[in-house]
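Below are two complexes that have chain A in common, paired first with chain B and then with chain C.
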Partner chain A sequence: MLRFKHLSYLRQCVVLLLVLLLFAWLSLFTWSIVPVSASQALMAIMAPDDAIIAHHIVLDIRLPRVLIAGLVGACLAVAGAIMQSLTRNPLASPSVLGVNAGAALGMAAVSTVTPWLGFFGISTAAILGGAIAWGIVMLLGTAWRGGNEHGRLVLAGVAVSALCAALMKAMIILHEDQASAVLTWLAGSVAGASWHQWQHFWPIASLSLLGAFLMSPTLNLLNLGDDNARSLGAKLGWTRVICSLLVLVLVGSALSIAGAIAFIGLLVPHMSKALVGQDNRKILPLTAIMGAALVVMADTLSRAIIYPTETPVGAIIALIGAPFFIYMVRTRTA
Partner chain B sequence: MSLSTHDLSVGYHDKAIVKQVNLSIPDGKFIALLGPNGCGKSTLLKAIARILTPLSGQVHWHGENLHKIPSNQLAKSLALLPQTQPIPEGIKVFDLIAYGRSPYTGFWGRLNTEDKRIIDRVMQETEVTELADQLVSELSGGQRQRVWLAMTLAQDTPYLLLDEPTTYMDLSHQVELMHLLRKLNQQGKTIITVLHDINQAARYCDHLIVMKEGEIITQGSPDSVLTRDMLKTVFSLNAQIHQDPIAKTPMCVVE
Partner chain C sequence: MKPMALSFLLFLMVLVLVAMSLSFGAVSLSLNEIISGFSPSSEFYFTIHEYRLPRTLLAVLVGGMMALSGALVQGVIRNPLASPDILGVSHGAGLAAVVLMTLFPHVSVYWLPWAALCGGLCAALLLWLLCGSHSSAIKLAITGIAMATLYSSVVDFLMLTRPLEINNALLWLTGSLWGRGWDQVAMILPWLSLVPVAFWLAKRMNLVQLGDDVATSLGVSIPVTRLFVLAISVGMTAACVSICGPIGFLGLVAPHLARRLVGGRHQILLPCAIVVGMTLLLLADLVARTIDPPIELPAGLMTAILGAPYFLWLLLRTK
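Entry: the complex of A and B
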């Protein structure tokens, strides 16, 4: 880890990209009920053959799943990094500030009350729900006035999350027939990934990621405090609106596909800050790669743990994330 | 007079702290804003630096409303050193000062040789060159204040607005700072600084503006402004005015 920290930024990115590709490749062939070999996984992509079942499994089931898992990880991680700069609060992340819970409530509302709306309805509901919950948290936490009151913002996030969770439970109880779909979603899983989902997901997600990278120099100025940022010529109002929208689209679209995956947005930005410092121009790309690698790895593990039954990937990430986060908090304060 | 205010009222939540101020900032001067706590001097400074939007009235920059000028263009003309600064985590001294160049560096913030030359110069002026690779969060209060000042100077603006820049500094660094500011003023910068130490203001600045309860009471050269009457009405102090034996500037001694 120490040696890795002293590599140049470009090399760090390359190494992590290779790690991501390695995880992705492993994910294509491991723990499959129909045996797939490591070379078949590569051949299926480079020279697909209709006659080989393994190729079908790789191309139709595994590949979209890996792609979606990676992109979901990248979106959530980058969203967390943006939120931390935006609120100047190191604890800010989609799950802590109520975006996850709000999106979950929105999804639950749509899938229990109006299930005929389909995928687009669900992701819109997730984005709207997340937006409303986050807006309330920011107002209660008086976050727009500067990052002095870290505790207040987090408390508001916890309170709003609890309220959303309670409302969602009420909805599930009232519409029991839809309960299992919502519960699966709540656990967080990419097991149902399909090319259809990917087609809807990747254009929105990659555009938002690109937008986030373009905002990174301005996000750096926000770290200096409102007065300094303004004095340096940053347009604070616009920056906040654009960044908030980016966060909502990133989180909403990722959650509507993969369900409630927590910890990525909190954990991964801190991992990349430990490597490259506080420069968002470096943090965001690294965060995207690491977030993708982490979710792809967790998804592979989610199939391995009680093979052949699948464990929700959200649970795996929480299992890895919670101890790691405690370790990080302890080493930071020490 | 490139910078002026017209019936300017500024405040928070509709409560005016600066009331209907008409002020022309004389170009090329080293100006001190004086007044008791809560008189609105910081608020006025922030309005001039377009950090605060006026409740009514306007700030004019070369005859144009300040808030209509593109913020990036203005950032090359006016720089503000705020009174309280956040303590940024994980940012090195050099990188923080480099942010002062962001109005010039274009979108992605890449530094060219000119930017680096200016950063080197301001680091020498503020004596933080040897701190370049340290983290800002690990510096002492006085060092940090000099680093923030360096960032503001790196903005390389003809107008410099400072809100109590000597806070957190020990006496020798305060004196060095005032000497540096006077040197920058002689090189052509207009400097407006909020100060608490009246004697310091009278000694180094050549124009004093005195405020009380959101209004400007008097302004002018230290000799004309620093009077027994003014100290009585503005600060409720009984004080005598003597001549500083070294600088020959007026100096107040409280009775």
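Entry: the complex of A and C
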């Protein structure tokens, strides 16, 4: 690991990309109920043959699943990195600050209680709900002042999350009694991924990822503090509005596909900061790659843990992420 | 209002809520039908005696004990944000109970409170190891919540990998009185013996409120008192959690409301907190049951909807 840290940035990116590709390839054929061999997984993509069942499985079920898992991971991780710069709070992430719970509440509200709001669409509802929850957290947590109030912001986020989660569960239980589906969705899962979902997901997600990469120089200025950033010519108001919108779109679109996967946005940015330091221009692309790799790997594990049943991928990531959250709380709050 | 008149009023409110809790549900019963339901010959005997009466009793007992343990913790740590569920004790207890149920399904349910007690004690000990005795209010609360997140993600994982009956799962994730009966009442009764001990400690807790130095010079041993009170509180929380799951925010909100009503003297505060806790849980369970019968919401959802905004308000006022 130490030697890896001393590689040039470009080489680090290439190595991590290769790791991501390796995970993705493994995910195509391992722990499959219908046996698929490693070479078949490659051949299905290179030279698909209609007569072989394994090729159909890889192309129609596995490939969209891997792609969606990767993109969801990238979106959530980048959203977490942006939030950490925006609030200058190392604990900030979509799940901790209530964006996840708010987005979930928005989706539940549109799909159960108020179908007359149907013209909103699920993703719009998720974005709106996340925006409202995050706004409340920022106002109550006195976030814009920055400084040492890291803990207060997180506590406000936890309370708003608890409220949103309770309201959402109430709505869903009242509307339908398929509580097990709800539990699975709450934990986050990419098991039902299809090409149809992918077509709706990738244009929005990749556009907002691109937007995030373009904003990264300005995010660096925010890290310097309000006064310094202003004197270096950053327009604070606009930067915050645009970055917040990017975060909301990233989280909202990822959640409407995969459910509430937590802790990615907290975990991954810190991993890439440990590798490349505090420069957001380097952090954001690396974060995207590592987020994708982590979710793809966790998704493969989620099939392995109780083979042949599927465990939601979010439950596995939470098991990795929660101890890390405790560690961060111990070391980064006053 | 004088404390006597106030407590009479609160007591009356509990009685009214008990009557309502017996009367409303999938079938609404009149007062006469409820009274006749206590005799085995009545057609409502099953509904009243087997279903609603134990459940109502449990709401009263659990609500009171949760509120009492919250009041004890807040009194002895002098931290307005503290309560068993914010400190992760209830989730730790819940995790131990879930582990016992899923990994050792053949063990008798009567071990559940003891397993929960071990879990709760471990959670409290772990938090104390992490934070020491001199942490700021916010740091203690946030570490507790982080621990609670860890416990509940393990519970989530166990639930999702070993699907139990789904109502059971919701019970362990949010807290509910669904399907509880006389067995559970019998399980919680022995733990009531901790309540007089808590009252006996009330005077010392008043002195603890004055600060460590003053209390020590008045002859109270701070470490012993603190340990004793926390142990009692963890015990009561564990007993409640092993029966109803981690009902959120109840142990936080009820003592605060009681303090606003009668002030900080523990001889009056503790009984008042108990009655307020009973009222809150009865109300939460009643609303959760009657909002759209026969579908039931977990009572823990109701207390969270009520308690989370209150927590935010407290957070705003905490310096």
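FYI, the second predicted complex is superposed on the first by the 307 of 334 C-alpha atoms of A that agree within 3 Å, B and C clash if a C-alpha of one lies under 4 Å from a C-alpha of the other, contacts with A are read in each partner's own complex, and residues count from 1 in each chain.
One rule holds for everything that comes next: contacts are C-beta pairs under 8 Å (C-beta built on N, C-alpha and C of every residue); 3 or more make two chains touch, one makes a residue touch a chain.
Computed from a prediction, not measured in an experiment: that's the story for all the values here.
When the two structures are aligned on the shared chain, A:Asn223 is found in touch with chain B, with no touch to chain C.
Of the two partner chains, neither chain B nor chain C is touched by A:Met43. When the shared chain is aligned, no partner comes close enough to touch A:Leu26: not chain B, not chain C. Legend: residue contacts after superposition of the two complexes on their common chain; A:Ile326 is shown touching chain C, with no touch to chain B. Contacts of A:Ala159 after superposition: chain C is touched, whereas chain B is not reached.
Legend: residue contacts after superposition of the two complexes on their common chain; A:Leu232 is shown touching chain B, with no touch to chain C. Contacts of A:Leu167 after superposition: chain C is touched, whereas chain B is not reached. Taking chain A as the reference, the larger set of touched residues comes from C, when chain B and chain C are compared.
In the superposition on chain A, contact of A:Gly277 is made with chain B only, not with chain C.
The contact surfaces that chain B and chain C form on chain A in the two complexes do not overlap at any residue. Here chain C touches chain A in the complex through residues 81, 130, 136, 138-139, 141-143, 145-147, 149-150, 153-154, 156-157, 159-161, 163, 166-167, 169-170, 173-174, 248-249, 291-292, 295, 297-298, 300-302, 304-305, 307-309, 311-312, 315-316, going by the rule given at the top. In the complex of the two chains, the chain A residues touching chain B come out as 88, 90, 147, 217, 220-221, 223-228, 230-235, 273, 277-279, 281.
Within the complex formed with chain A, the residues of chain B that make contact are 46, 49-51, 71-76, 78-80, 82, 85-86, 88-92, 95-96, 99-100, 102-103, 107-109, 148, 151-152, 155. Residues 140, 151-152, 154-156, 158-160, 162-163, 165-167, 169-170, 173-174, 177, 179-180, 183-184, 187, 305-306, 309, 311-312, 315-316, 318-319, 321-323, 325-326, 329-330, 333-334 of chain A are the ones that touch chain C when the two sit in their complex.
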